[in-house]
Amino acid sequence: MVLQPFFCKGRFKREVPMDFISKNLPYLLAGISVGGQYALIAIGYTMVYGILRLINFAHGDIFMVAALVMVYASASFPLYVTIPLVLVSTVLIGFIVERVAYKPLRDAPRMSIMISAIGVSYLLQNLALYITGGLAQIYPSIPLISNSVSIGPATTKVVTIVTPVLTVLLVILLMWLINHTKIGMAMRAVADDFETSRLMGIKINSVISMTFIIGSFLAAVGSLLYFTNYASVVPTSGAMPGLKAFVAAVFGGIGSIPGAMIGAFIIGICENIIKGLGWTTFSDAFTFALLIVILVVKPTGLFGERATDKV
Amino acid sequence: MKKLAAAAVCAVTALACVFPVSAAETVKIGVYEPASGDNGAGGKQETLGIQYANSVCPTVEIGGTEYNVELAIVDNESSNEKGPTAASQLVSEGVSVVLGSYGSGVSIAASDIFEQAGVPAIGVTCTNPQVTEGNTHYFRICFLDPFQGTVLANFAAENFDADKAYVLTKLGDDYSVGLGYYFQDAFENELGGEVVAETFPEGNADFTSYLTTAVNEGADVIFAPTSTEAAQLIIDAAAAQGINIPILAGDTWDSNVILNAAKGKDLDIYVTTFYQEGGNEEFDANIKEWINSDSTNLANNGGDDTVAAVTAMGYDAYFVALEALKAAGSTDPAAVTEAIWDVTYTGVTGDIKFDSVDGDAARDAAYVKTANTETGAWDFVGVQQQK
Amino acid sequence: MSGNILRAENITMQFGGVMAVDNLSLEVNEGEIVALIGPNGAGKTTAFNCITGVYEPTNGCVYFCDELMLESYPHGKMKRIYQGSNAAKYTKRVTLSPDKITKLGIARTFQNIRLFSSMTVFENVLIAKHMRAKQNLLTAAFRLNYAEENRMRREAMELLEMQNMAHLKNEIAGSLPYGIQRRLEIARALATDPKLLLLDEPAAGMNPQETQELTDFIRQIRDDYHLTIFMIEHHMDLVMQISDRIYVLDFGKLITHGTPEAVQNDQRVIDAYLGVSEDA
Amino acid sequence: MSKKANGIISALLLLALFGLVLMLERTLPPTHIALTVLKKGCIYALVAVSMNLLNGFTGLFSLGQAGFMLIGAYTYGILTIPVADRASVYQYFDGGIVQFSVPVIVGLIAAGITAAFFAWLIGLPVLRLKSDYLAIATLGFAEIIRAFFQWDKLGRLTNGSNLLRKFPTFNSIAFPFLVTVVCIGIMVLIINSSYGRAFRAIRDDEIAAEAMGINLAKHKRMAFCISSFFAGVGGALLAMYQTSIQAATFRSSMTYEILLIVVIGGIGSVTGSCIAAFLFIASSEWWLRFLDTEMYIGSFKVPLLRTGFRKVVFSVIVMAVVLFARRGIMGDREFSVAGIYNFFKKKFGRKEAAK
């Protein structure tokens, strides 16, 4: 192991480092993997917030719906049909939710849109409850990434390794999209100044739709990875990952895509370290404590930009 | 808007008044079970047993009159907050006796509603002592957590020479925490072992870290009395990490959900339960046929025809209720309450007889089963008696 | 005693790398009407916001009635990136929130009207009485403060009557015509019993006739309430007519000050406004 | 119509309502679902008004209501369980450390005070946050509180994640009704007081309110504490209604339900919240329940009806209100005798004029 010389300094015995790694590597792996999955959800939050200043409470539930689509579709189609179907239908649901529940409230107070988002979340969960009959659905296993693999002393699923890599690749792709394409430029403009962009002739609605499409697409990918790891879907499956992903987005600085990713990794890893320390009761609470601390100390997050209120 | 709302309200009230029309010669048995929430899967299987029993024996003779037995089924949503309203729904429909619930918390939450209404309730698989403790209207036909916890602790010590156990319970779930407590109590105080206890919060999906801790602590067995939802995830995570420590669990894990999750994986899973499939072949064959005859039943049973212990318990509970009605000679809940104390019944899960203190069934044996991960069925391990 | 009611010294406000107000010192004497003018973006409103506690100035201090009210110096991250002068002159941090400053006797209006738009005209004025009322939550909830409450209502009503707005008292503030909203905002500021009134572009969006009425109105309230008035304004007619003295700001810096005549003929002022004579 | 007359008639109406409810309780069988709904409706009305005080009247978008209810419920439970029953309730924790019990009313007030104290504590950092950040921070706070109360290290106080029970509860609907009326009455008095005006000023425009000499931090904290006080009392009542307390009950979906009640009733309307609370509880738990059972009209099986359909229909209704009747039942107006009087007078008057 490369780390060995470092740990061998001083009075540590030779067995300690190996033991230390084998004991703690699983926590770290779990953290990185779940962090990557949070990251994919968090990007949806951060982009929507950046443009509409809306906490899209329904985003976590869209993530859950993607998983349910996978469960039901895989019962009748082969995998190479199912996965594209999941991606397309999730994107469609994201698009429809925006058009039906948020667009009519474009000029309403922010609180109304947020309440509408809570309403959508409520509706999606209840719909899922109705369709599944309240029974947990077993997520189909996807060949290759569902298999177990050994990394040094730890054994885990392949998806654990795939997740961070795929997440980083997708973020790079997304950054390129935002910085180098026309629609990306329009998105940045709208995020910067909603009203002016509207006056400058940017088609606000298509930009917003595009944001939801990208967000939902990434949530669908996230859901494929997440539920391959934790293969049970219930109507409330999306709520907690959704909230944590939002915390990650705030942590990284809302509106910043790399920030959301880094925030998500930090939260995923911290959460598992907390569990490793035996503070399991507080593994969720810790995330929220972190949120309150970051909001109070540095409301703009790690990479967020400061906005001064105009008086 | 206001007019519209008013109209809707009127319409709905009208409907609600029109529909629950009761025939003259009917006795109602309330089924207070979760159909959604954490315990939805188990609740549905338990309800299936009751429904099957009802289809087998849809009438009862009370005081010389033939009554049709009608089941009034409500969903308590596995929630202590929604439970009481569901319970009052049953009471206001005029049930003579209530069966349920799967899960102890909801039973405790509804207990007072039944008590106020003077309706007796028969717990089917709520194993927490507090359900029946100190009251005279709540009965139960299953064993209790102190018994189950002790049985499991002994099983672990005897079969695996375990002196260190990892206990994983769900935060806020009284069944889980209670059973974990009794296991720990027996394992540490009676058997002199050591327990590492951890809890996971609601909605937790990632069990990797918990299981890593179990491995790191050098546990000989893992005890995880959880709902089937969490069980799936625990099994999955254990398999992914290649954990070969035996996993023990209580009656909730006796479900085909577990079998499906464990199938094809290299794991040792042991559960204690109320009933062993194959214990009564006639019953098994008939109920399987009944389950397969209807797609809704099949879905409610988790997609196949494995007979869960809770289903058998539900079946027995129904007949206990019928016995009580017969003995009471009346559909009056108060009379039924009095009658239950003396009911004895031999069901598919064994002899049922209530003690005279809390109205708990005297059960002294638990079945231990292991999941056969190749065939996807339960293999019988043995009967564990109380010491 | 210098007799001035407000004295700001070396006020500097730096946002990131942008100097919004740069080393501004000014004095307002009791009973005066003083105007602060300058092209758009010169930092006039920022200066107001520093004085009223909305922003903490990066550097400088403010005295009110010869007592130190605000003082600050570049600290934290600003220490490194501070571009202004007099960085070492101030060593204390004295900050007051806007409500405390109002309580001391400085009232203000806003460039873009900020009324309590869902409340009635009467309630808008009544709010201003809240801060000085002798009451607490319990006495107020159970109406044990009825004497105070009645006094507050009476005073608010008297003020509305003096401003000829009594007939509007039950109108919702947000539904009033623009001009009346402006006047209501001033009336509301007066209800806080100020010694110094800061007006931020009171004539914005008014036609010449309305502006003339406003000119008289400002003079009158100064006399009626023994006020000192410090205002930001773009309407040069109004400024030249009623100001005793004028301060001119450009790119955050004070370029000149003096009587209206002096300022009017100052070449630097003309340069600053060159081509951008606004609606003057 | 004079203010005094309005007040007297309103009071009489309330009294009549109380009489009606009591009569209902006498005539209906004691566990009739209508009574259960009324009891729960009362409690939700109280909590909804307390949330409205914060969200509707002060403009602070807080989602911590369930957390404060939890604190209230636990405080009440811990303080009022009879000493004799403690050993059996705290069976895993040697009977717990609290070895006294207080009367119900004291317990209720203590519930409110404890909730308010926690609100004050949490308010110090989070009340500086703006709209949706405040919402998410308070939501997070409620989650932290929930974990905290389930912590087994505190088990001797909170019974860990086990049920608290055997504390005094109510049988008659009169109790929650009276408590709710008194509490809402106090909140209405506060809203109409000088402080209430200050709250509304903050809602309308924070910066202007500050310029009017209103201490933002102090008044926000005050509103937050008042709201939490009554949420705490509501939590204690809910505990009495449920006859048991478990931290797991108070999850964020409870806050969302209360928020939806506030929205349906109209943000900024006390009477709206009350009406909506009863409608919400009645339709979600009673009137729509028939949607959950299969139904035959003749031999025709009504499609779609099965477990869970009730909730789908219900959430569609809620969504429709949020989208199409954004102002809710009452908007920001209040239901009042004077209002109705004026309404009819206007109508009547117009007819007169037409003649």
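Which chain is which? They are A, B, C and D, in the order written, and residues in each are numbered from 1.
One rule holds for everything that comes next: a contact is a pair of C-beta atoms (placed from the backbone, for glycine too) under 8 Å apart; a residue touches a chain by one contact, two chains touch by 3 or more.
Source: prediction; values computed, not measured.
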Innermost chain by mean C-alpha position: D
Identity of the chain that, by mean CA position, is farthest from chain B: C
Whole-Å separation of chain centres (CA-atom averages), chain A against chain D: 33
Distance from chain C to chain B - Cα centre to Cα centre, in angstrom: 71
Length of the line joining the C-alpha centres of chain A and chain B, rounded to whole Å: 36
Per-residue multi-chain contacts in chain A, two or more chains: 129, 133-134, 239, 281, 284-285, 311
Residues of chain C touching at least two other chains: 54, 110
Junction residues of chain B, two or more chains touched: 35-36, 75, 171, 199, 201
Complex contact set, residues of chain D against chain C: 186, 189-190, 193-195, 197-198, 200-201, 203-205, 207-217, 222, 226, 332
In the complex, chain A residues that touch chain B: 23, 26-27, 29-30, 34, 129, 133-136, 138, 148, 150, 154-157, 226, 229-232, 234, 236-237, 239-241, 272, 275-276, 278, 280-281, 283-285
Of chain C, residues touching chain D in the complex: 52, 54, 97-100, 102-103, 107-108, 110, 114-119, 123, 126-133, 135, 137, 140-143, 145, 148-149, 152, 188-189, 192
Residues of chain B defined as touching chain D within the complex: 1-2, 5, 9, 12-13, 15-16, 19, 35-36, 73-75, 79-85, 88-89, 91-92, 105, 108-109, 111-113, 116-117, 129-130, 133-134, 171-174, 177-178, 181, 199, 201-202, 296
Chain A to chain D touching residues, read off their complex: 53-55, 100-101, 104-105, 108, 110-112, 114-116, 118-123, 126-127, 129-130, 133-134, 239, 243, 246-247, 250, 281-282, 284-285, 287-289, 291-292, 295-296, 299, 309, 311
